[in-house]
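You will see chain A twice below: alongside chain B first, and alongside chain C after that.
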Partner chain A sequence: MYWILDLMILTLVIVCAIGAITIKDLLGTAILFGAYSFMMCLLWAIMGAVDVAFTEASVGAGVSTVFFVAAIFRTTRRTRD
Partner chain B sequence: MELLIKEIIGKYNYWLYIILMMIGLYAIIAKNNLIKKLVGMNIFQTAIILFYISIGYKKGGTLPIIEIPHGHHTISPESIDISKYINPLPHVLMLTAIVVSVATFGVALAIALKIYKEYNTLEEDEIRMRLRGK
Partner chain C sequence: MKKVALIVVILCGAILIHATSEFPKWGEINSPASLHVSPYYIKYSVEQTDVPNIVTSVLADYRGFDTMFETTVIFCAGLACFLLLRIFNDKEEETESIFYRHIPSGIIIEFKNHEVDIRDEDFELIDSKFVPYDLIIKTVCRILIPFIQIFALYVVAHGDFSPGGGFQGGVILGASIILLAISFNLKTAIEKISEKTLGVLSAIGVFIYAGIGCLCLILKGHFLDYGKLAKILPIDPVKARAIGMLGVEIGVAITVMAVMIIIYINIASQGKHQEGL
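Then we have the complex of A and B:
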């Protein structure tokens, strides 16, 4: 039963990763990267690594995204690739 | 042949981890924007963490917590079945790896900010051109 959920989340992870590196706006990259981190966190919660999952949810999806958005506001959203 | 297909499908986590790692590597090498390179680095790191967590996973296993009934203070070692617990050692290692990855990301963003202040761009080829012009 779990493997359906597992495969769905793994597909979403790969879609988010490809989207994050191909989108032509750095703010969009930040949002998609946050979604990627949160999907990873769900994957680890499914695999029984609860401690890793909540560290990733707070540190990876939370603090990283805040740093990222702050850095983008201080520099530029423009990107060529 | 059937055994091979079963092995490939049964270990889909590992295949997807390889795909994620290659996406990260591609972003580090081929992308021109410095922030995109950082995102690629982070994707690479999380792919490796996914690999380690997959190693510790056991089908049908539970968390390694011993349940002692209320009022009892001792438990006999024979009543613990190790084979149904998930291996917690990779989890502990990967906790450290997550914290290290966030620290690396923060320092790299600070350096990218400094580069932007100096050159007024985040594109690698423009910075190279500016460096060659000096």
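Then we have the complex of A and C:
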């Protein structure tokens, strides 16, 4: 049963990663990056590394998303490339 | 040029994926980590460190020195953010107008004169890129923030038994203040916890960690040898270890909390500390 969940989450991780580098809207990128971190957090939890999952959830999905949004708020929302 | 970059990236990815096939399988009993590293900690960590959680015993005891410098790195990150972004002269501010909102009616008043300072219950200062007054967001955040902070304290205090510890607890504690800054405004958050306090707190955390280490040195032990704390505390060495680790975790949490808030405030307000997200 584990491998179905694993496969689903890994697919979502890859989709989030590709989406984050292709999207033109930087705010969307920040949110996708948060989603990516959350999926990684789920993966860590499945593998039994609960401490790492906890750190990923609080730092990766939580605070760093806020930092990205704050940085975008003070710069621009669209990329040139 | 883009095609060349794409080819290089795909080649590197292929090499990396090929290299992972050499790795031992997940949970493999015969992998080097399961043969030599894990059994040692599983066998000896309780008798050597008296900590119920093996992860904590590795983080705070076997690799205590490492964790101390991780905390120092976070402190340096906060310091670098402060030095790079903080602006002290607010001469540009004089040309900008300031806005006050009359809360009962929702009317917004603009003042061209910078000297205006209204201290009335009915009026509140708002950002120039103001957001609409939202009672729901403010009320929900006001109810939620104390629970987030209590959960953070639980994560810090319970870190040596369950997943969690100084880093995670500190980040959650910092996030609660950041939530306050987002839901109300930056000035409210800075009034609650001033810039000077944050700077002092971020240094105090590292000081607590290094201080406990040096205290063990003074008590004729090794650096961060928590058992030696029993000489000055009226408890047995096993309890002294738990207390020492709790002290270290609290130090880490204080530094991480202060640095997270410093980074957020400096990024969100472009270093002016006037108005933010």
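Criterion: the second predicted complex is superposed on the first by the 81 of 81 C-alpha atoms of A that agree within 3 Å, B and C clash if a C-alpha of one lies under 4 Å from a C-alpha of the other, contacts with A are read in each partner's own complex, and residues count from 1 in each chain.
Here is the rule we use: contacts are C-beta pairs under 8 Å (C-beta built on N, C-alpha and C of every residue); 3 or more make two chains touch, one makes a residue touch a chain.
Source: prediction; values computed, not measured.
Once the two complexes are laid over each other on the shared chain, residue contacts for A:A17 go to chain B alone; chain C is not touched. Among chain B and chain C, the chain that touches a larger number of residues in chain A is B. Applying the stated contact rule after C-alpha superposition, one finds that A:Y36 touches chain B and leaves chain C untouched.
In the superposition on chain A, A:F67 makes contact with both chain B and chain C. Residue contacts after overlaying the shared chain place A:F54 against chain C, while chain B stays out of touching range. In the superposed model, A:T79 lies in contact with chain B only, and not with chain C. By the touch criterion stated above, A:M8 is placed in contact with neither chain B nor chain C.
Looking at chain A, you'll find residues 47, 50-51, 55, 59, 63, 67, 71, 74 touch chain B in one structure and chain C in the other.
Against chain A, the residues of chain C that register as touching in their complex are 26, 55, 155, 163-165, 167-168, 171-172, 174-175, 178, 182, 260, 263-264, 267-268, 270, 276-277.
For chain B in complex with chain A, the residues that touch the partner chain are 12-13, 16, 19-20, 23-24, 26-27, 31-33, 35-36, 39-40, 42-43, 46, 49-50, 53-54, 56-57, 61-63, 86, 90-92, 94-95, 98-99, 101-102, 105-106, 109, 112-113, 116, 121-123.
Against chain C, the residues of chain A that register as touching in their complex are 47, 50-51, 53-55, 58-59, 62-63, 66-67, 69-71, 73-74. Interface of chain A with chain B (complex): residues 6-7, 10, 13-14, 17-18, 20-21, 26, 29, 33, 36-37, 40, 43-44, 47-52, 55-56, 59-60, 63-64, 67-68, 71-72, 74-76, 79-81.
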